[in-house]
Amino acid sequence: MDANLVVEGLKFMLLGMGTVFLFLIVMIVSMNIMSTIIHKFFPEPKSAISSTGNQAKDNKKIIAAITAAITHHRQG
Amino acid sequence: MKNIILKFLVLFVFLGFTGLVANENASTVELSAHKEESYKTQPMSTMVMGFLQSTGISALINPDPNELNSHGKTMSDFHKTGGRVIMILITFLLFYLAIKKGFEPLLLLPIAFGGLLANIPVANMAGPDGFLGIIYHMGLSNQLFPILIFMGVGAMTDFGPLLSNPKTALLGGAAQFGIFGTLVGAVALSQYTNIFDFTLQQSSAISIIGGADGPTSIFIATKLAPELLGAIAVASYSYMAMVPIIQPPIMKALTTDAERRIRMTTLRHVSRLEKLVFPVMVLVLAILVLPESTPLIGAFMFGNFLKESGVVERLSDTMQNALINIVTIFLGLAVGSKLSADQFLVPDTLAILALGIIAFSVGTASGVIMAKIMNMFPGHKINPLIGSAGVSAVPMAARVSNKVGMEYDRTNMLLMHAMGPNVAGVIGSAVAAGMLISFFK
Amino acid sequence: MKNIILKFLVLFVFLGFTGLVANENASTVELSAHKEESYKTQPMSTMVMGFLQSTGISALINPDPNELNSHGKTMSDFHKTGGRVIMILITFLLFYLAIKKGFEPLLLLPIAFGGLLANIPVANMAGPDGFLGIIYHMGLSNQLFPILIFMGVGAMTDFGPLLSNPKTALLGGAAQFGIFGTLVGAVALSQYTNIFDFTLQQSSAISIIGGADGPTSIFIATKLAPELLGAIAVASYSYMAMVPIIQPPIMKALTTDAERRIRMTTLRHVSRLEKLVFPVMVLVLAILVLPESTPLIGAFMFGNFLKESGVVERLSDTMQNALINIVTIFLGLAVGSKLSADQFLVPDTLAILALGIIAFSVGTASGVIMAKIMNMFPGHKINPLIGSAGVSAVPMAARVSNKVGMEYDRTNMLLMHAMGPNVAGVIGSAVAAGMLISFFK
Amino acid sequence: MKNIILKFLVLFVFLGFTGLVANENASTVELSAHKEESYKTQPMSTMVMGFLQSTGISALINPDPNELNSHGKTMSDFHKTGGRVIMILITFLLFYLAIKKGFEPLLLLPIAFGGLLANIPVANMAGPDGFLGIIYHMGLSNQLFPILIFMGVGAMTDFGPLLSNPKTALLGGAAQFGIFGTLVGAVALSQYTNIFDFTLQQSSAISIIGGADGPTSIFIATKLAPELLGAIAVASYSYMAMVPIIQPPIMKALTTDAERRIRMTTLRHVSRLEKLVFPVMVLVLAILVLPESTPLIGAFMFGNFLKESGVVERLSDTMQNALINIVTIFLGLAVGSKLSADQFLVPDTLAILALGIIAFSVGTASGVIMAKIMNMFPGHKINPLIGSAGVSAVPMAARVSNKVGMEYDRTNMLLMHAMGPNVAGVIGSAVAAGMLISFFK
Amino acid sequence: MDANLVVEGLKFMLLGMGTVFLFLIVMIVSMNIMSTIIHKFFPEPKSAISSTGNQAKDNKKIIAAITAAITHHRQG
Amino acid sequence: MDANLVVEGLKFMLLGMGTVFLFLIVMIVSMNIMSTIIHKFFPEPKSAISSTGNQAKDNKKIIAAITAAITHHRQG
């Protein structure tokens, strides 16, 4: 007896999409649990955030300074 | 110094002329038996004829009847002659699309050039002793190259947007309907019509184009239907490149003006630890739910984990640059080696191109529709335009969401919101790929 | 455009539903015989059950009785179930140590991630067709990767401090007592007790951990006891990372306060030519004395010579960056592939960890004691704190010498003085490795 | 902590001494049969003797009569002893030339170091299990490495000067007379004298040195006469490095003062599109005329096309840096592995060196003479000094043209004019190589 | 009958040099045709050339500006 | 007769440590000879050393100059 491939394909679809959604739903739940745990028990130190921010800021300042220096030179 | 050289020259010219004058029969020099056995002397006229017959023009006009393809099978005369010319013209078209139209040039250029080289008669570069064949067997037939690309892509990926709005992952799931829907369509058309005649494995390999992930497509094609690799890879990268053309009409057809103007809330800050735990967490889930997906997800998360660890920057840099670039060159050439006329110029290729764009379009539509379904439930509304980003094609699909959104409200920036479903689409496709592998095990 | 897509969608949905309704038996479509043979149709319920049985959860609870390990041998049920979970937890511990504690993350992270991937059930990534297995056979089973790492390390090494104070090389020799002492200890415990049961080869491979050189350990383990590779590599890199914890107590226990305050004379300037001749000179000595050590010493000196030549900076840069980084990623994953439960969760591993730390400690102590012995002879006194740097673990051991020295005299900088025995320790370990290889030839 | 370590030390030392005292015969410990079988116990005196016999000094004085070369064939005693020493001294000479004289150090240094390692007795690094042998079989025996080098060189090449003055390509054609003239000379000397005894294949492989292209020489040598690879590669790179010494006297001998002062017209601007179309155009011509040349020309033009496309800068950068550097290291070591005494210290090597310099000189002379012939026809005159650049040796030969030109007229800049024949010489050599391959097919 | 290798070599030379020149002559002709076609039908936009020129010019300007700034600082 | 592995191990230790020290001692002697020869016959030209030093110095000067320029800009 030959197989009806379309029926096979539909089975694949049901099982496949089911697994994809099952996986992603479990992932979403896990992400939420993880975030809650991390925010509760391992909060990020404030300084770490701001320091990176500062660094980026400093870089911007330096670039601004150099740009200004060049502009100044051109005008001069 | 000058004298020595002049003497050398004189000696050399003298000897040359001596040889020219010498009669062929006069030679009495003994040759050791083991030498020369591979060389048969021929009259000059025969040699010239032989040379003329070995030119590409001759090979393209009067093909060698005994010539075999890179798998050692016989080829039709068309595939040895006009087919090659057509394939070379197709690679020129790909060059044009890659360079002038910006179609994923990083992969399409090496693929197309590999295809050009693979279609050269006589040289047989795609054969087991040619350099394309060597590269193919080095890393494509064993699926190493797509895995390494996945590592590099993982190291370039930022899961922050997904972590700050987890539920958008569902959009990346819905878009996989493009894969499975097309699978059903392909087998249905194979069974009930005479248009195509694909097996389940082949249909599965084709439908993965809807996943909009080049390495995943190549990985699955090599596993399930290596004979279709060239066409699937070209279709996959071409359609990924055509995201800005394919997606917007579908997105607009399925959404109302009000929906397109939905504003999403600002993304929360994601801590470094969350980003660090996430790749391992997803991998553990993949282990528990679907181990067959772990080679792809594992490689992806390896790259991401190394990046997020922050302690092995030099490895992460190398993955994102030298390693992925080298592998991209090799992968492209190896895929291109499968663009030989006898494998590409078959009706199946057209079917693959047609099914591929259906898969892509269905995936796009499914993502948008999923967003609309999610909006039926209470909670923060999702702008359905980010649903299309669920197909992956990172980061272009997300940029398309952003661009279409700004067409209707110039202040509505959807880019970061669309990155969530975008990267979730990569995970979703890897899960779908794992399912396809497990079906045929 | 929009219309075409909508039509496609309608067609697609229609076909899907048609197929769903169709009776399985009604199908009369002929399939070509060669196709589909690998796929057997099953009822949906069977497929769902099959899927559930193929999940990682199921595989970890009800292992497949026919499952084989990556060597094709049977495994105990524990190694298929709880063992895998334990191994995955161990890799998490290694992640923690590498990222949070800074334990040699460049190698421990790839090794641990490789171990995580190798312990995934069903996927069999460490098997001959999995990508970890492919990488293993590409460069670890033939010892190419450690050799390439050694080239890169050579290109990063500066022999200047050793050249300016040659006699400190003896400290790097004494530290190799950690290797041979532990070898004796391991065979003694194997022979007279029931704690371990190691062969001479295995004992030798384990004791090389005392050499405190990752690539050398991996090189020897692959040659003499590949079945212990995972445990030896993990022990080797872990202990190298723990240098700042392991060494100071030993150093302090064996030295007096006065000795720790010994000031060493300033290092003389070393000319470029000396640095250029040195690697070739050492290689020639290795050729004359112990050719078995020349693959390691040769690769090391190749990298160093290219750097010191000053004329091939682009090659030297590549060795120190792209090449060593790529190989580090591959080496780590390949070593990690040997961290499967059935190979790692055996009593031997504990023994290896115990013997490894003994080897390391004995090496440290021997270096310090050697410095004290050398101080009994006339001449410039040596601060015994630099003796511990003789184990190699470049450059961390030298930094530890410096740090401990500064605890007692903040103005006594020992760093450069300690770099001499530090690099001599690399040479010493390579010589010891060559001896071990020659014993078993 | 300190206490634990001290206890460990005591235990360890105790066990060590116990073992030393124990009688060998007293042992009743059972050993599992499968273990230890590979190790035979020996008295200490035998071990010391065995060690002394395994030293390099001993191996160089009393060679093992059963020792085989890397091809598994017997070697003469000279090739095991003095021959090795001579070879090592030759590699030192190559070091000197590369570092002090600047002779193509990027390839000569790795080749020479590979040669040094290959001549180490006992270690057998060039054998199939040694790392040189592994690298050789990874990419040289299958010609992958020279192909990859060609890609990188292509990505570094600018065809602009050739495009702006196409007819100078003929100079690059004439210089190939060095190849074919030498071929005739080599077979003539083989046939009519007893100086050499080369076959046609060997003569062809040798004469390609006149093409002044390292990768092409290696490619052809591996195909036609792998037994001569070492000598041919060394000759090829040495002579390419000696371009500033070899070429000027020939150039001056063949030109008049007036000719050397010829000023060439300024080069026209070449559009981006011309540069983009050119590599594909040349490849198509190669397909039509001589498919056998397409592996080399294809790889070269692949690199060039990727660069000129301007859309895959990261791939082009990688080809020009990380990839070509890694492959250069491997190629050098693999070629060096063929510099073993039994293959290099044969009369053939001297003959190859002699024929190589003839080929090089004839090529140079032919290029210059061709320019003079072209000047007999009407049109813009060509300064014959750029004819010598037709041998390729990019970009050194072009610089030599420029330098010699400026000796006679300090304001006559020939550099860019000489780049045209220079890159045409690469194409010409690839065509010549394709012809040689097709002769023996 | 043994082959006279010298004659073989001379045949190789004739055929080889012939092909090399044939190839290069065809290449030269093709290059000329290509250039003509490209200059006629796909002329390079002027702006593209000048913009690249400008960029290089700008880079030079920036370098000059920084150098000047440094010189100024040293003198100051 | 079975081997006493401990005795074997001790033999390995003697031979192994002996060779390690032999090798290093020969190496030390060779290093001293090499240094003597090089300092006597191939002394390093003074200029080479100082020029490298100067270069590093110059780099430092440039960095200092830029830093100063930026500081100046900030204050300004």
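Of note:
Letters A, B, C, D, E and F mark the chains as written, and numbering starts fresh at 1 in each.
Basically, a residue touches a chain if its C-beta (ideal position, glycine included) is under 8 Å from a C-beta of that chain, and two chains touch if they have at least 3 such contacts.
The structure presented is a predicted model; accordingly, all values stated were derived computationally and were not measured.
When the contact pairs of A-B are set against those of C-F, D-F or B-E, over half line up by residue number only for C-F. Interface chain C/chain D: under half of the residue numbers present appear on both copies, so the contact uses mostly different residues.
The chain with its Cα centre farthest from the Cα centre of chain A is D.
Taking the mean of C-alpha positions as each chain's centre, the chain lying farthest from the centre of chain E is C. Contact count check for D-F and D-E (C-beta pairs in contact): higher for D-E. Mean C-alpha positions place chain B and chain C at a centre distance of 34 Å.
Chain E has its Cα centroid 44 Å from the Cα centroid of chain A. Spacing of chain C relative to chain E, judged by their CA centroids, is 48 angstrom.
Contacts with at least two other chains are made by residues 16, 18-19, 27, 29, 31, 36, 39, 51, 181, 184, 187-188, 190-192, 199-200, 286, 289-290, 322, 439 of chain D. Across the assembly, chain E contributes residues 4-6, 8-10, 15, 19, 66, 69 that each touch 2 or more other chains.
Partner chain E is touched in their complex by these residues of chain D: 162-163, 166-167, 169-170, 172-173, 176-177, 179-181, 183-184, 186-188, 190-192, 199-200, 203-204, 269, 271-274, 277-278, 281-282, 285-286, 289-290, 424, 427-428, 431-432, 435-436, 439. On the chain C side of its complex with chain A, the touching residues are 15-16, 18-20, 22-31, 36, 39, 41, 44, 47-48, 51.
For chain F in complex with chain D, the touching residues are 1-11, 13-15, 19.
By the touch criterion stated above, chain A contacts chain B in their complex at residues 4-6, 8-10, 12-13, 15-17, 19-28, 30-32, 34-35, 38-39, 42-44, 48-49. Taken in their complex, chain C has these residues touching chain B: 1-2, 5-6, 8-9, 11-12, 15-16, 18-19, 27, 29, 31-32, 35-36, 38-39, 51, 54-57, 59-60, 88, 92, 95, 98-99, 102, 105-106, 109-110, 113, 116-117, 120-123, 125, 129-131, 134-135, 321-322, 325-326, 328-329, 333.
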